[in-house]
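So, here's a batch of structures to check.
Both complexes below contain subunit A, partnered by subunit B and then by subunit C.
After this line comes the complex of A and B, so read on.
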């Protein structure tokens, strides 16, 4: 019986049978929609359910000739870059604080995850009211303190909307990445710090020469995740500003949604999503190659 | 033995006969987008009443949201999970009709018009391509809501609301100068249907209601009267609280109910909203027609909501016919309209002049406001439906909120109304390609 079980467990066909349900699930929920999007990008179809006409590469050419698409790409680049920087460095700082011994540490560690746990819609509604120029508490305080003469239009002015949405998005994700970085911090051997202290190393030197190198592999993963998730964020932006005012917070996912469900140009939306997918794929491949090369160089 | 065989034969025959003669009720799934709880409840109540009076039919109401229906309905219909009939507004109907599932309702309209007189503005938007495609059930339009208490405090006559654009701006100035309110009026400015509707209302009163020419592909949006309407909107926007560029339905309402502003132009749901939320008695809420410019006309955006049939099943069609005929009886229809008194306006003369409609206590209290809404509805217009026929391109323009987009070119980007309207016209031309 034991022999049979061992043989069965080593049998690739049995393994395939075991993973088959998952493969079917993935095929149904991922591969089919992807192929459907690819097909849609090569036909002309304005509305779901109406007959499609072959369109070749015309949808792609139309999108590539659209200034709004390129503006959105540049805006998405800024959105991702600033979010990644804020989220990675923010999570390091928060994790370093949480890694200290202080009273109530466990409570803080549990509660800090709250922004990440709460549904986006709840956060969006709450922040919209908090930041509202006329009814919001932030402007009320700023006006009372005399910091500003006029209320700040955080979500409706071209100057403030993007920085505000970036800050709110990073605020939402920093807790999650902090917990990940905190887990990595706890693997740093204490004796390294003790030895460095005996050598007279400053706190900064210990952080830069011990902490960062030790958690570096985890930071690479955090950076990659932060990049991909930021690039794909739709709900936070849509719920806070719907990509406005006048497209000032429109990133590629919002652009794609607007093309599909506001302009009813499903084929062009599909073509844009394919272009975005290819762009992300190139980034991930380059990033992973650089990582592997780095790891190869360091042995 | 013979008796036993006869008994078995009788029992089997009886059972077979029972199966044959038993007919399950015809079930119709009904999607509506009146998602506020009191409206959901009233529609459910009425469907249950109909079902109890018609045991052979079962209407099953299901609530959806206007915010998602443009995406949800096509997907559900394609997947074979769509409703048998659903609520529609004219431009949404043109959108769903492109899927080829909307059924012509000429026989049903003929039967209804033999008993009831529909208002043209309610029925005509559903008549195109040689057929009627929906049965109108209620209409809605814009009026000026204002707070009499704030008018009084500012030294203005609370019973003399502004009637012209000039007076409206003067009233704004006086309210502001009095210090009673910092921001005299609230206007929505987001790229949203709320902004579209206000802008179009200003266009209507300024006689700029035609967005299309006689040729459905010709955009006539870029004209001096439209530019004037946008220029006036910008003046109102400057009196509106900061952040209005992101405002849609709820924020102007809150601003008026809390006394932060003194005026808002909106539809009739402010009456029920006021009762439920405002900090002052209902008599404080004043109502007036939308102010008109010199040389303008009384009016507003006006559209009726209708029911469209999405199934070819003849039994379901017959059941649908029974339902809409039942619903249009003035007593029943009044109960439906009273789900939000003063908001939903009758679409037939019979309901309008019925005692049942005027019996609601809220309507009795705000009778003047409801009369203003009804009078305005007679002059109401809807973009894409102003040339005595439906423009099939209107769905693409309204879904993309191009009227509101044009407004943001002025309020956010700082362009002149002339330049913004020129860009808006170009965007419309692109949208209908």
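After this line comes the complex of A and C, so read on.
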């Protein structure tokens, strides 16, 4: 018995015992569902409990022949591209501002992440109120200044909904990424700036030649995360516009969600989510190949 | 002049990123007449708790709050325990395949959540646990725990291996070294993953909105979202609700914010 106990405490067994609970949990709730999604996409299933019929590639063909799917792909592309640009540059700007020496800098640097810490539902309430056409403060100011004659329907007009939701999503993620960029900025050696200043370099030159190269490795990680997270955003869009008006803010996750839980087309939803996953995978692999090859690291 | 510009920029950042929440917080204490008046105010002219009363009187806010709290605390606790054990195993133990396990955990977030959602919904329906807190906990731990293994790496690196080795030489067994030496030293990291998991579960909408059906089982984000889509939104009640929803994350962040941010940034540096 004692011998057996000692064996348990030695490495292969001890390590495996410790990792087992999480491994089983993740296998059951993540890995099994991933395979199940693959299976689901090759069968026809309308009702849970009714046996599914094999369907070959018909779900995929149906999706690929659907104009709405392609419109959604293009819309998702714009959504991701603009979000990534806004988030990467926004977080650099905010990080540069917070990297200065000012009173209360520790408190500000700590709490700036608040938009990211608070639940999405809170942000949806906050911004729906601020942007409300009749009671919102933004329209009040715009009308007072005479910029617009009629209140702008920020979240319910086809013209404004997408730009507004993109801005709000970026607003939420910029503080988060700015904290990450700030950590990288603090690794830039101060004497480099001093030496550059002695040589008479402008702030702009210092920014491009010292700051950006030093934080570049971190920026690559930030860009990748921003890309992946933007592509997968669901709750911000859904709580602000439900994908509307008329599908103008429907990105792929919203499209899949509606297919599954509004139309109850589970198999088509699964097929779409697999196409989306493969699409993301291609982007990520290309990105890693292009940007991380020189270091020989693959993330 | 330089100082002026510097502070102006900081104030602008605060205005944009923190200002909206503070204003909505103040709004929750304004009477309806002031909220819907043509010219908005910043500080309340008249102070009222009517919106907070309505929250408990007119909607099942207390029920949502209780459901959210139970799901989040259970999720966070399971994540902290299972995550810390798994992290100890992949960072400190020695067996073939642990590198693979580490990559497996940190790469699990590349799967789009909607990819898992439909099969999980079907699986839980078949298991007859749809519309229960159990279904939500099962899903939420899956969302939080792999990420926590990643966050813990930075904290575990601060605990020197020598301390453990010394304890082993002194005759302690491995279980004792883990519980009496390692866990206390890594406590800030474990607190950070507990709070991170709590925040994620507290905020989570996608899974909560599909896995829960009846009003009595709804969590805060799902319960409140229903009222946000109504044609005539009761703004005062909604804003009072968002203040109360924001309180636990703010407290959690006040307690462990610095560890939390340290974990996020260290994880990002790789």
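What we mean here is this: the second predicted complex is superposed on the first by the 273 of 299 C-alpha atoms of A that agree within 3 Å, B and C clash if a C-alpha of one lies under 4 Å from a C-alpha of the other, contacts with A are read in each partner's own complex, and residues count from 1 in each chain.
The definition used in the following text is that a residue touches a chain if its C-beta (ideal position, glycine included) is under 8 Å from a C-beta of that chain, and two chains touch if they have at least 3 such contacts.
All of these numbers come straight from a predicted model, not from anything done at the bench.
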Between subunit B and subunit C, positioned on subunit A by superposition, is the outcome a clash or a fit?
clash
Where does A:126 make contact in the superposed view: on subunit B (first), on subunit C (second), on both, or on neither?
second
Touching A:21, do we find subunit B (first), subunit C (second), both, or neither?
second
Which partner chains sit in contact with A:261 here, subunit B, subunit C, both or neither? Use first/second/both/neither.
both
Contact breadth on subunit A, by residue count: subunit C or subunit B:
C
If we overlay the two complexes on their shared chain A, which of subunit B and subunit C does A:150 touch? Say first, second, both or neither.
first
Please work out whether A:110 is in contact with subunit B alone, subunit C alone, both, or neither, and reply first, second, both or neither.
second
Go through the superposed model and pick first if A:135 touches only subunit B, second if only subunit C, both, or neither.
both
Is A:241 touching the first partner subunit B, the second partner subunit C, both, or neither of them?
first
Subunit B stretch colliding with subunit C in the overlay (listed: 73-81, 325-333 or 397-405) is 73-81
After overlaying the two complexes on chain A, where does the subunit B footprint on subunit A coincide with the subunit C footprint?
48-49, 132, 135, 242, 261
Within their complex, subunit C touches subunit A through residues 6-7, 9-10, 13-14, 16-18, 20-21, 23-24, 27, 35-36, 38-40, 81-83, 85-86, 88-90, 93-96, 98, 101, 105, 108-123, 125-126, 138-139, 141-142, 145-146, 149, 173-175, 199, 202-203, 205-206, 210, 220-221, 224-225, 228-229, 233, 235, 238-239, 241-242, 245-246, 249-250, 253, 257-258, 261, 264-265, 268-270
Which residues of subunit A touch subunit B in their complex?
46-50, 132-135, 150-151, 153, 155-158, 241-242, 244-246, 261-264
List of subunit B residues in touch with subunit A within their complex:
70-71, 74-75, 77-78, 95, 98-100, 183, 189-192, 241-246, 251, 254-255, 260, 395-396, 399-401, 405, 408-409, 412-413, 431
In their shared complex, at which residues does subunit A touch subunit C?
9, 11-12, 14-16, 18-19, 21-23, 25-26, 28-30, 32-34, 36-37, 40, 45, 48-49, 94, 97-98, 100, 102, 108, 110-115, 117-122, 124-130, 132, 135, 137, 140, 171, 174-176, 179-180, 182-184, 218, 221-222, 225, 228, 231-232, 234-235, 238-239, 242, 252-253, 256-257, 260-261, 266, 269-270, 273-274, 276-277, 280-281, 284
